[in-house]
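What follows is a set of structures for review.
Look at the two complexes coming up: chain A is in both, with chain B in one and chain C in the other.
Then we have the complex of A and B:
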């Protein structure tokens, strides 16, 4: 199964606004994407609770996997998203 | 973070039969509880409302997790959570919330707190136990 590992770029980690943006984008993909930290249990990338349960802070390496047609494209999209600081320009986040 | 830290919850920060006129009222009640247990100073409550207007803290399973903004960290005296159950439900921007877990955390502490809480809520049985809890002990047992 194709997978990618990327460091969370958002300054406040993967929660609040960055988590919401990520979860929404994951839900828009045509394939089921999972996310995990290290050898931890993978959770659906489209689940807010699942993503929050990772406890990913700025710099945490997360691994995404997906299977089926369109998996590579979905992973590319989501990796690109995680590589950006999704808090940027948000004065009230944290 | 594989191991969830226990949540800093004390029995007096648990209210099981609350009623709220709406989302903001529910958030204010969570803030008042955190204030009552000495976890925050008053300005933190306004920042919880500000955060909610910026982005909903609804996380699914009928649960919302109101907390303050990064700027309000100075108003946190110590890490704490409170649990407020609304048996009649609260309209939360179209979602129905039956349980609020208010969070106060210094520094990046909220990330670990949220992770620990999410871990509990991901278990459907434990999430149901929390939503339907009528005893403070039930809440303490699920969250500690």
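Then we have the complex of A and C:
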């Protein structure tokens, strides 16, 4: 099953706004994506509660996996998102 | 007026009106045998959907984007697929809808608490969702802010983000039994300029409809007002606010003696117009709950953002304590944390953390052309002050100071000022240590009152040392934002007051109505009077 590992770039980690943006994007993918930290239990990337329970802070390496048609594209999209500082937009708003 | 209750005033302003208490969480009845798991699952799913839709409606009508963001995130939790699956499994296993919801929420609550830090703070949001969903499944009215159709003082055990975001203009003030100065209630109330008192024991025993007055600065709730009394309090507050809004410019007494008005901030987001700079930049607020040490680059970015936007910034180096956990420090548990390794003392164990921070401050200063003042928290001796100053100056930081929070430091203010360029008095901790009364203890508020003459005497001693040395001595901490105390502090010789932005207009006005001589007379009187 295709996997990608990436460090969380958002300064507040996968929490608050970054978690919301990530979960919304994961839910939009046509394929089920899972996320885990290290060898921990994977959770659906479309689950806010699951993603928060990872406790992923800035710099935590998270691993995404997905299966089936469109899996590679979905993983690419989500990895790209996690590599950006999703808190940055907040500073502009606030 | 008759009796009174007292809590912690966290958002200034005075008002009066009838109490309405917020409905508590729904009581879970005895489990009932579920004969039709499919019907229970459908009822539970329907309850979650109703809660999500309600939150989305509130998000759409919330005026402030921050509140809307929080509500949308809560709606996403109500629609969470893992939560939904858990509820359905519980129903299939024979639970009724309400208990299936309760049990599924409990699983996720535990997971968040285990994740710790920021993540654990979301447990309160989840409790709020659980209460709404269980109430919906039981056919009870949703817990939350009442809508009596007239202005009222909202009294609750505590308020969740969803509650506070739903507040409309008919809420005059907030009073909660739980919560502290950094609770959601306090932060949102200050943001809206709504008077608020938290940690007010006995508030929930007030009957609905009782007329009370609320003073969000002193934390006092007076009970048993007449309608005319209430009217007078509101009118006086409206006059006062209108008056205050006209004030501008730097802080000074009526005869022109300057007292700088500065802001307490946790990040660039707290910056606001109307003050003369930042008197307390609480850098630990950038990194609360972090389990990895913030990198040098990350710190440079965060500090530069503040330095580039404020003319004067006093940076406090990381102040870890029991109320402000910094998990990345990995400090051991202590039997008596208030008297243990906190503030500057952390650098005894972890000198590298302070050195990295000082380096980041110096680089951010270079990058922005700012000249930040830098101070250490929880300094006790002149020797500690000297060592800190040497480390900061070695990195090119020009203005180095220390906080005075420990009585020993206040007593030796003159010696500290031989080592550093300024002092900043943290009144919250200085009163806790001087009066030997835990800051968090709800029963000792009278000892923690900043009018305690022993505390004022120590402040005066620091100010006198500053005058003799020709160096500034400011006050940060809650006392600095109290407009009744500001003239007293100025009279004691304090050169700057640092406070939450919402407190600035009232403090400016309080200073502007008195001469320096009058301030000195008020100070002498406060020192002489016992409490």
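Keep in mind that, in the parts below, the second predicted complex is superposed on the first by the 89 of 94 C-alpha atoms of A that agree within 3 Å, B and C clash if a C-alpha of one lies under 4 Å from a C-alpha of the other, contacts with A are read in each partner's own complex, and residues count from 1 in each chain.
Note that a contact is a pair of C-beta atoms (placed from the backbone, for glycine too) under 8 Å apart; a residue touches a chain by one contact, two chains touch by 3 or more.
Remember, it's a predicted structure, so these values are computed and weren't measured experimentally.
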Partner chain in contact with A:12 - chain B first, chain C second, else both or neither: both
Which superposed partner A:59 touches (first chain B, second chain C, both, neither): second
Partner chain(s) touched by A:20 [first = chain B, second = chain C, both, neither]: both
Chain B versus chain C as contact partner of A:44, first or second or both or neither: second
Shared chain A surface residues [contacts with chain B and with chain C]: 12-13, 15-17, 20, 43, 47-50, 52-55, 57, 91, 93-94
Residue numbers on chain A that touch chain B, as the complex places them: 12-13, 15-17, 20, 37-38, 40, 43, 47-50, 52-57, 90-94
Chain A - residues contacting chain C, complex: 11-13, 15-17, 19-20, 23-24, 43-44, 46-50, 52-55, 57-60, 91, 93-94
Residues of chain C that touch chain A when the two form their complex: 65-66, 69, 72-73, 76-77, 80-83, 108, 111-112, 114-119, 122, 126, 268-269, 290-292, 294, 298, 305
Interfacial residue positions of chain B with respect to chain A in the complex: 1-2, 50-51, 54-57, 59-61, 69-71, 73, 108, 110-112, 114-119, 121-122
